[in-house]
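Structures for review follow.
Each of the two complexes below includes subunit A, the first together with subunit B, the second together with subunit C.
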Partner chain A sequence: MTWTGVVRVAATGLVLFGLVRFGLTSSARAQESLATDIKAAYLYKFAPFVVWPGPPPAADAPFAVCVVGADPFGSVLDRAVAGQKVGARPIIVRRLAAAARDMPCQIAFLAGGRGQGVKDELAALHGAPVLTVTDGGAAAGVVDFAIAQGRVRFRIDDETAAEDGLTISSKLLSLAVSVRPRKTSGATP
Partner chain B sequence: MSGPFHIFDRLRLALVLASAIALIAASLLVAAYTERQYHAQSAQAAAVQAQVLADTVTAALAFGDHDALQEYVNALRANTGVDAVGIFDDRGRLVASFTRSHMADRLAAALTPAERPGQVIVFAPVAQAGVRLGTVYLRDRTEPVLRRLGRYVAPGFLVLMASLMFTVMSLDASALRRVNRDLQAQIAERERVEAALRQSQKMEAIGRLTGGIAHDFNNMLGIVMGNLDLLQRRFTDGDPRLSRLAEHAMEGAKRAAALTQRLLAFSRLQPLRPTSADIARTVSDMTDLLRRTLGETIAVETVSAGGLWRAHIDLPQLETAIVNLAINSRDAMPDGGKLTIETSNAYLDRAYAEAGEDVTPGQYVMVAITDTGAGIPADVLGQVFEPFFTTKPTGMGTGLGLSQVHGFIKQSGGHIRIYSEVGVGTTVKLYLPRSQAEPERPAAAAMRSQAAGRRDLTVLVVEDEAGVREFAVEALGELGYDVIAADGARAALEQLDAHPEIALLLTDVVMPETNGRVLAEEARRRRPALRVVFMTGYTRNAIVHNGVVDRGAHLVSKPFTIAQLGAELEAALAAQG
Partner chain C sequence: MGSGRGRGFFSPRRLCAIAAGVVISGLAGAACGQDQPTGPAAANGGAGPSRVEDLRDLSIDQLAQIQVTSVAKSPEPLSDAPAAIYVITHDDIIRSGAISLPEILRLAPNLDVVQTSASSYIITARGFSGDATAQNFTNKLLVLIDGRSVYTPLYSGVYWDVQDVPPEDIERIEVISGPGATLWGANAVNGVINIITRPSSQTQGGLIDVAGGSLGTSVGVQYGGRIGDDLSYRVYAKSFTEYHTVTASGARADDAWSKPQGGFRLDWTPTAVDSVTFQGDAYSGEEAQAGEPDQYISGGDIETRWTHAWQDGSSLQVQAYYDQTDRGTPEGNGHFTLDTYDLDVQDSFAPDARNELVFGGGLRFSRYSIAGAAALLFAPPSRWLDLSNAFVQDTFSVTPTLKLIAGLKLEDDPYSGLSVLPDLRLSWKPIDQALLWAAVSRAIRSPTPFDRDVVEKIGPIVYLIGGPDFQPETLTAYESGARVQVTPRLSFSISGYYNAYDDLKTIEPAPSGFIPLRWGNMMRGDTYGFEAWGEYRVTPWWRLVASFDDLEKRLSFKPGASGLLGVAQAGDDPEHQASLKSSMDLPHNITLDADLRYVSALPDPALPAYVELNSRIGWNINDHVQLSLSGFNLLHAHHLEFPASEANAVPRSVLAELRLRF
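And then the complex of A and B:
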């Protein structure tokens, strides 16, 4: 065996190893990234099915979709909302490090950060007119993404929504994997 | 009369037909309107359905839940009217659908569909809170034409039947009117015939009455005349003044006798001796007489058709009738004019006979007497044959002329018609029955010379009325016969048996119990050689049939003069001799 032969074998092994490793992980990672993309696309889509409390905002006031904490979407979210509107309102994306009660967001994806976990973020926003969206962790927002039958779906906590002063369309509720109904009245779907 | 009715009928029919057409047209309009409504409704229904679907699928479409979308879409399969349903996302891609035929997979292609009849295509935007999420495409099948037509079958059938009913009813009504019209015509015809019959019966009734009176009166006249005759014969060389008185009395009696003759003629009771007569010759023979009678102002013209049949008629009576008619015509033409006497053959057919006239269909010889006189108004034309009806001033006429002619013609089995127009003239047509017999030799009734002197002959006189009987006895004695008298059939037969020398039986016809004819037959049975002469003024009895004397019977009409009686007896004795 020559040096070159050893190198060649090693190189081949490395390449093979790399290929195999990359190939094995790429499928799972691709799926994961696809789900993330879908979630990014879903975020703003909740808007038409939710009514926020208070007087109707100005027709051209921006509609803010916020990502609080570590942003899993990156540019995907920006692309997804590009050119989209809620009614006549342009959609903007805000990325925030921490949740605050008076932050200018209509929809907030709580990813959890270093200083604030998802649970803390939720606590911070409790009672605020913000549609909180979480990604299937221990602490769930009003909308909590879930994977069901290989598809991205969501659960809805209508009770919390009520506490936050939000009204969620029954159409959206009907699409949810599960719904935690609000206690008051019979407005459950 | 039927003209206006006819027009009315047509108008009615046209009206009904127009109504029927209008009804059908209205129904078609309603159907078209309903059809449009149906289309509009189905389009609206489709739009609503699409909108409902669009509202339902918002969330599923927004979050790309294709399974849920497909479920929503599939739910519409149950509606057989839905041909295809598609849901396109906000990028125009087909995300869920079902179809019974075809389906475009891009919204752009679906937006410009091939137009097909019987399809309704609607699009509904899927939007939530002003966010356009996609589009719902829905294609409805309209009901098949046959099924839609099926819906109109029942009302269409009703309309058709109604129209048909209208038409039939209208036709029925016009048929009914037609029948009614016919019926009315029949009623009118019947009334006319009844009127004719009534007239005929009236004439007959008057005839009976007149005849009855005339008969009795005639008998009495017979007595008067007979006795006057005897008076004149026996006292001719007596007082001339007495003789003149008797003459006057006789004259009056003769005029009375003429009157009764006319009454009898009217009542069809005068004895007639019809012969086979050449009417054309009779008429032409009368022309001179008529010219003299009518005067110079009236032209007399005779027209005779060739090949004229002979008529079976009593000629002297016919001549009297023609003279009567001519005199009527003369009176109608005081300023002169023209009298035309026309003769021709005529055939009166069944239709004519059935037209309410009292006439037997058959062959007739017609004599028409036409004048250019004043004419007779239509309202009195029907009465002219009634006795004593006259338009002439009092004293100018007896009113018996036409009735006498009428009676005579009817008795002869003929027929008479009168036509008149005021200011133009009058035509009287006499239809005389055609004679089937060979022409007879003109009866050479040359009066035998008045028998004079005694004869060795015995005559049996049978007469129930004493006056007449006595006159007859006297008259026969005057004529030189031996006379035996009997007042009835029984006595007569006894006398006949008792007196074999009786050679001639002179008997009245009308007698109580046994009439003259029966007596004569019985007498002939016992004495075949016995000659018989009847006396009668009245013919409603056995000696005549319809007033016509049996062939070979000898008859002397009452009232008679001694000369007439003598002549008849001579004839009877000479016959078969």
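And then the complex of A and C:
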């Protein structure tokens, strides 16, 4: 190829780039629904990789997945957990308006509500034995969903998990796109 | 070159074969001497796991692998891609027991994988295996490893012996049958193979992988770690030795080979919206060649990629790589070196609610340097090949369920200049569980140094030169297909095509007299057929995948063509292929997989149909230790996958593998 060829094609590219990149407005994508379904499916699947503090619960005690604040899942979450178990424990979904330290939840998706933002919900649950899950906002829970390379993945804050008394298995840590390691010695990432 | 028992490109016997073939046998006979021959995923079947009930059955690893937006050129879920696409997942790869890329590619029902020696393979989609003795090579498939093109610009084929990725590190392989020229560029004529490796954050910890069996041994060591919150890495080293295959009569074929390889990948996420990847590999190997000095292969690559997510969810990707590869035989039988520098930019953008644009461009500079053998040389012996392109594609939502995708690529190649490669696709998703699509597209196989600059001699006589007027081989393809999730357990995909080819490569006499012969574009014709595959989850622990391909080919010479070597030189392709795979998760962490495949007879040169079976039993003793035993081609002591004039036979083999994680 000649250099004129390079110039010709490069110029075409620049014009195309200019046309589309500037002067036009953007819009949201319609990929939300699949991503939301995947997040719903993730929620209870975190359970086998987490050890909660305290004595082991009764073998058939319900395992509670909670949504705190404005529920983004609707019936999807109920369908996702339908018939599923954590060990022998049946999974139940609870929807709560606000977070409280003693709420009966093992896993809590913090969506933020009118009274409490995600940050307030996190503050309310700090130190509580609840696996907090957030959706990529400014305030991140122990697990924070993120879109990475076109997939729904998550970041893990293992330091906060340690403060909450939770132990997260290395398998789950290895799936995370990034990990904030725990400072205390003990479990190895 | 790309095929035929691993012989070097410059093998003098190959020249003899063609010389004899084109009936200059008086000369060829003296020079020739003796002839050669002594010597199982959810995303595939249907519209994908779009319902939460389907997601429920997936493991957390599988959830993490679902594309909600395709990484590459198209910003939509893979399950919505309006093309004949099959995805080989990481899990499929591990469960197949295969440890080399070509063997892994046997998992794609829309490919034809043919082993011709211990180290060489012919891999095609929709036919055109070529004919090495006619110097008509397998050259209509584009292969990318993490966006790095690995077909050689020398003749547009792929040297499969130097393409390797540790199976553990492969995230998935997207196999698209049908043209992808608009997005991927020239050479994506009959298909695109897109090999995508795992980010290093997903391959943390140590792994020792030791395998040994009747056909070879392999050792791999890998370690992945983190530096701070934002940076993860892995390094690997592996080495394997593959023992010889056998001749058609079962005698030992002298084609054993070995290759050590090492590499790394580093992933850095400096901000929430930026990610940067550095990766590289290096290899060096040796291949025995019957009656000739060993061929050596060596090379490496280094690549960097920056991805930036815009606020609206679209993304910008900038990628650059350098790839270097050497191949040759000592003692004056020739060698060549190829250096490639490549830069690609791609961006996506939604100007309004109904349009989604993907656009970009790329520059590639390759320098080849060839020390030819006396009988085969290139004029000039070294040269820069400059390739540039720009493309744009718009996805227009006519209605919420109907999309029109229009794309255009302009590509400037060093020999034929500017090519226009358009593509038009229609995608209709009447319900969530079904996708119907249709497409019309144009693709070319652009000229290469082998088509234009080659000079072949017998003694002092030049009997073949590259055609100064050799033009691109062209394809206009008409395709349509459907992907349907019939029930949560049953899904299928079917794709039909009608391909109209023109200007296919032929051998023509000199304008005055007969020699030197030269390449021409005097063949045309069409192919049509379909590829179908389906998946049935019999129980949560048992999955069946079945496939069937049909390919009909009608080629003819154009008026005035020499007709030398016949239309069979374009390829010796099976009309049908079928496969049945079974994947079982048994108690005690035992997995059992079996893969039965049928390939129909080859027409010319003729070869009978064959049926073969691969099987693997794996035992995950615990998180740290995994044992497996695989058997390949179990039904026959050995079988031919290509005519004996061009291939050795593939023996039955077993392989035991131990993986230790720490």
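Please note the rule applied: the second predicted complex is superposed on the first by the 156 of 189 C-alpha atoms of A that agree within 3 Å, B and C clash if a C-alpha of one lies under 4 Å from a C-alpha of the other, contacts with A are read in each partner's own complex, and residues count from 1 in each chain.
The definition used in the following text is that a contact is a pair of C-beta atoms (placed from the backbone, for glycine too) under 8 Å apart; a residue touches a chain by one contact, two chains touch by 3 or more.
Keep in mind that what you see is a predicted model, and the values were worked out from it rather than measured.
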Discussion item. Once chain A of both complexes is superposed, is A:R180 in touch with subunit B (first), subunit C (second), both, or neither?
Written reply: second
Item to complete: Give the label of whichever partner, subunit B or subunit C, reaches more residues of subunit A.
Response: C
Item to complete: Please indicate which partner A:K171 is in contact with in the superposed arrangement: first for subunit B, second for subunit C, both, or neither.
Response: both
Discussion item. One more residue to check, A:A146. First (subunit B), second (subunit C), both or neither?
Written reply: second
Discussion item. With both complexes overlaid on chain A, does A:A100 touch subunit B (first), subunit C (second), both or neither?
Written reply: neither
Discussion item. Per the contact definition in the header, classify A:V76: touching subunit B only (first), subunit C only (second), both, or neither.
Written reply: second
Worksheet entry | Which superposed partner A:A47 touches (first subunit B, second subunit C, both, neither) | first
Discussion item. If we overlay the two complexes on their shared chain A, which of subunit B and subunit C does A:L34 touch? Say first, second, both or neither.
Written reply: second
Worksheet item: Which positions of subunit A sit in both the subunit B and the subunit C interface?
Response: 38, 42, 45, 49, 171-172, 174-175
Fill in: In the complex, subunit A residues that touch subunit C
1, 5-6, 8-10, 12-13, 16-17, 20-21, 24-29, 31, 34-35, 37-38, 40-42, 45-46, 49, 76, 79-80, 82, 84, 146-153, 170-181, 189
Discussion item. Could you list, by residue number, the parts of subunit A that touch subunit B in their complex?
Written reply: 38, 42, 45, 47-49, 85-88, 169, 171-172, 174-175
Worksheet entry | Residue ranges of subunit C touching subunit A (in the complex, touch as defined) | 50-53, 55-56, 58-61, 63-71, 75-77, 199, 201-202, 204-205, 226, 229-230, 232, 269, 272, 275, 307, 309-314, 345, 347, 349-353, 356-357, 359-361, 363, 385-390, 392, 410-414, 417-418, 623
Worksheet item: Contact residues on subunit B for subunit A in the complex?
Response: 56, 58-60, 62-65, 68, 127-131, 133
